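Just passing along the structure, written as structure tokens.
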Amino acid sequence: MVKYTIKRFGLAALILLVAVTTMFLMIRAVPGDPVSIMLGPRATPELKAILTAQMALDQPIWRQLLIYLGGLLRGDLGVDVFSQRSVSDIVFQQLPYTLELILVSIGWSAMLGIAMGAYAAAHPNTMIDRVTAAISVSFIAAPAFVVALLTLLVFAVKLQWFPAIGAGEGFADRMSHLVLPSIAIGLSWVGYIARLVRASMLEVMGESHIRTARAFGLSEPRIVGIYALRIAILPVVTVIGVGMGFLLSSAVFTEIVFARPGLGKLVIDSITTRNYPVVMGSVLVSTALFVISTALADLINAILDPRARADL
Amino acid sequence: MTVAATNTPKSQSELGIILKGVCKDPLGLMGLIIVGTIVISALLATWIVPYDPIAMNIKDRMQGPSFAHLLGTDQLGRDTFSRVIMGGRVALKVALPAIFGAMAIGLTLGMIAGYGPKWLDNLLMLFFDTIRSFPTVMFALAVVALVGPSLQTVVIVVMATSIPTYGRVARTQTLTLRNSEFILAERSMGAKMSRILGVHMLPNIIGVLAVLAAMDIPGVIALEAGLSFLGLGVKPPTPSWGALLKDGYALIRQTPWLVIAGGLPIILATLGFTFLGESLRDVVDPKLRKNR
Amino acid sequence: MSDALLEIDNLCVDYETARGDLKALRDITFNINKGEIVGIVGESGCGKSTLISAILRLIAPNTRFRNGEIRFKGEDLLTASEEKIRSLRGSDISIVFQDPMQTHNPVISIGNQMVDIQHRSKAPKAEKRAYAAKMLAAVGIPDPDARLNQYPHEFSGGMRQRIAIAMALMSEPDLLIADEPTTALDATLEVQIIERLKNLQKDFGCSILFISHHLGVIAELCDRVVVMYAGAVVESGTVREVFHNPKHPYTKRLIECDPGHIKERARVLPTIPGEVPDLANLPSGCIFRDRCLQAMDRCTSVPPLTDITESQRAACWLNHMEAAE
């Protein structure tokens, strides 16, 4: 298990390294002075001087890359062009808002989706199964930011049931601010997960070990809820891990629509003001988040599925 | 050679069979109708639109839906209905080249990875994994920030981020086919690699990729709309569904119909392509259904 | 017979399919007495699996019981409530399935699965675990305490089948059903499992319904044998009677074709020519008629299962001829 963990996170680190290098080279590929590109047109001459020294532009490009990577390892994501604050401070200040939104969104949608999928699989080809299937397909087809806009229009502007902007303060207020954004992000996941669970549940229920469990007189709720579901939810874990990139993307839009603080709002604001170090910092951190969550999903899968542990 | 002959490209009649299969499935038929409507209205947009979609008319601005303006007008007095129809053209103009480009590059790289030497396979897989490790929108934003927003930028970003999906599937298919009997027979007769890949493998892989493409289009349309909504996609005054949402969002209390007029086509298009894609998948390759 | 544990009388089971009703079992009648080992032989598709799923009522949704009774300790299982059946499963009647690689839940440890199946006992978990370890030791799994924490994929096929047997015997059932428990294993393992089963049967004193297409195993293990063909019983009797003096042409051919029985060097293994009849569209008369070398005019009507000796019965008109002569 320890060996597997090291191996999996080693791979994650490698992917991250290649990703960072790609981005570093991408910036270099854009014609022009790299310092101006990295800092944007509004950078002060002082900052340009500092960065030029930091990046060691007189050195060969691989040295520059190493210096850049070394900075990243120390948590140095650069300096904000305007406030001269450390970019990592700014990014990590916003990150919790985004994480909170993503976790709440995927939390409610996964629970509902698993329940719907398991129920549909336990009653195949009934009315409930068909209704679930129809809802699932319709939900999948709803891009987060469109749902965000429509819910904003209906529930915040017209009906005024929920607040329209911000993240709120205090627990109850924060929760009520989370309702619409998390519906916007989670809605398409409900259908997706329900379909996934239904399919894998039907497959598992047909396996021999379920017949064995029945032959030993285990109760049907126990067979469906534990013996089958524990296997059927394995793909859900993977899908959520891999879907982290998609979730982050949805969060960006949703944060804009509901004017919530978070990575998305930070990035867009920084692009508008051409504050490139903050843009790059946010992109790097969200990429890292994505890569780590994929690795984490594999790890959780390995914990839940002893067979996966043996394979690796 | 008779074996190989059964694996030649899908003929017209086969396409007819697939189409018939899609039409038999109610959801597939619905998808076909929705997609057909969008494509036709995009093609004939110039003749359909009642007004010039970018002509301002300050006198008639922010009008609610009426007979003169079916979906009302925006803050500059432009006819929303005309902008919705033209927006469909923009959506397809981004989605189709991006998907076809990604498919072509992904297919080539995937087949090389599946058929080439092991080290090249590993290298390409690492490359795929890396691209996939950027959250799509974040990657798009980084590129837009560097090179500036434009329709081409969106196309390139979408293409780059979708290459790995096609590449991986093409690779898996190539690996499976590689050891199939008819390919082994070809190889034992000394066929060139380009012939094996181009004549024998391609037709077998492309069907699966086409299904994948149909299912990918909604994501691309949503991404284009999303970037345009953020003001980082197509430039104003080009009509785009995302731009409609942007204008509607800015004045959500005054012109809420813009949000609905921009949002519904996106949902409909997504729905249509998803239905069509799933139906195609079931007809072309029922095995895929289980894998998802 | 008052000491009958399981009595099957005129059991008829159909599967409803698009092609019409598949007559999977027709007029099955036989008994299993207390402490007896009964074997069922027959080719694949002869209805062996339908029969055991009918006994435990672990049936596919399209299964229809058309006629007959399955009485366990005098109570009809086909009309018993679902609760009653569930209370028998894994307590009074246990089963060992064919494929040991698929029979256990892959994501739950063997120990937890063995504790779980003791769901009827009120004993504390530690006690259940200790009993599980004891049972593993009884089927010859070394170091049982440690192995309880392992998962099915960490055991070999032979071990998994022994675990399945241990699980089936945990409740000290009155009837153990073994559905081709050794088919998926190689020959050496097969011998070990059979030996183990034989000894355990002596210790636990349960009856066993042993299903196999391997005649040698049946002869080695069983007291009585039931020969099935195309969903019907064609012959039954003690192992000695049936194997040494078969009274049905099908049984004879089956014995001739058994690789263990062939003494001379043959260039081709003998087989029974012809095909098993289509169960959805049964021919009239004797079901074996089309493949039988001794078929005659009389075979156009269905031969009844008649007593040959006190214990042996067969369904063939030839026996009536002998009696008549």
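Lettered A, B and C in written order, each chain numbered from 1.
The working rule: a contact is a pair of C-beta atoms (placed from the backbone, for glycine too) under 8 Å apart; a residue touches a chain by one contact, two chains touch by 3 or more.
Treat the numbers as computed from the prediction; the structure is a model and nothing was measured.
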| item | value |
| --- | --- |
| From chain A, the most remote chain by mean C-alpha position | C |
| Dominant chain pairing [most C-beta pairs in contact] | A-B |
| Chain occupying the most central position, where position means C-alpha average | A |
| Separation of mean Cα positions, chain C and chain B [Å, integer] | 57 |
| Cα-centroid distance, chain A relative to chain C, in whole angstrom | 53 |
| Intercentroid distance (Cα basis), chain B paired with chain A, Å | 22 |
| Touching residues on chain C, where the partner in the complex is chain A | 56, 58, 86-91, 94-95, 97, 99, 102-109, 116-117, 119-120, 151, 153-154, 164, 167 |
| Chain A partner contacts - residues on chain B that touch it in the complex | 27, 126-127, 129-130, 132-139, 141-147, 218, 222, 225-226, 229-230, 232, 245, 248-249, 252-253, 256, 259-260, 262-263, 266-267, 270-271, 274-275, 278, 289-290, 292 |
| Parts of chain A lying in touch with chain C, wherever the complex brings them together | 207-209, 211-219, 222, 227, 230-231, 234, 304-307, 310 |
| Touching residues on chain A, where the partner in the complex is chain B | 14-16, 18-19, 22-23, 26-27, 30, 37, 137-138, 140-143, 145-146, 149-150, 152-153, 157-158, 196, 199, 203, 244-246, 248-249, 252-253, 256-257, 267-268, 270-271, 274, 276, 279-280, 282-283, 286-287, 290-291, 294 |
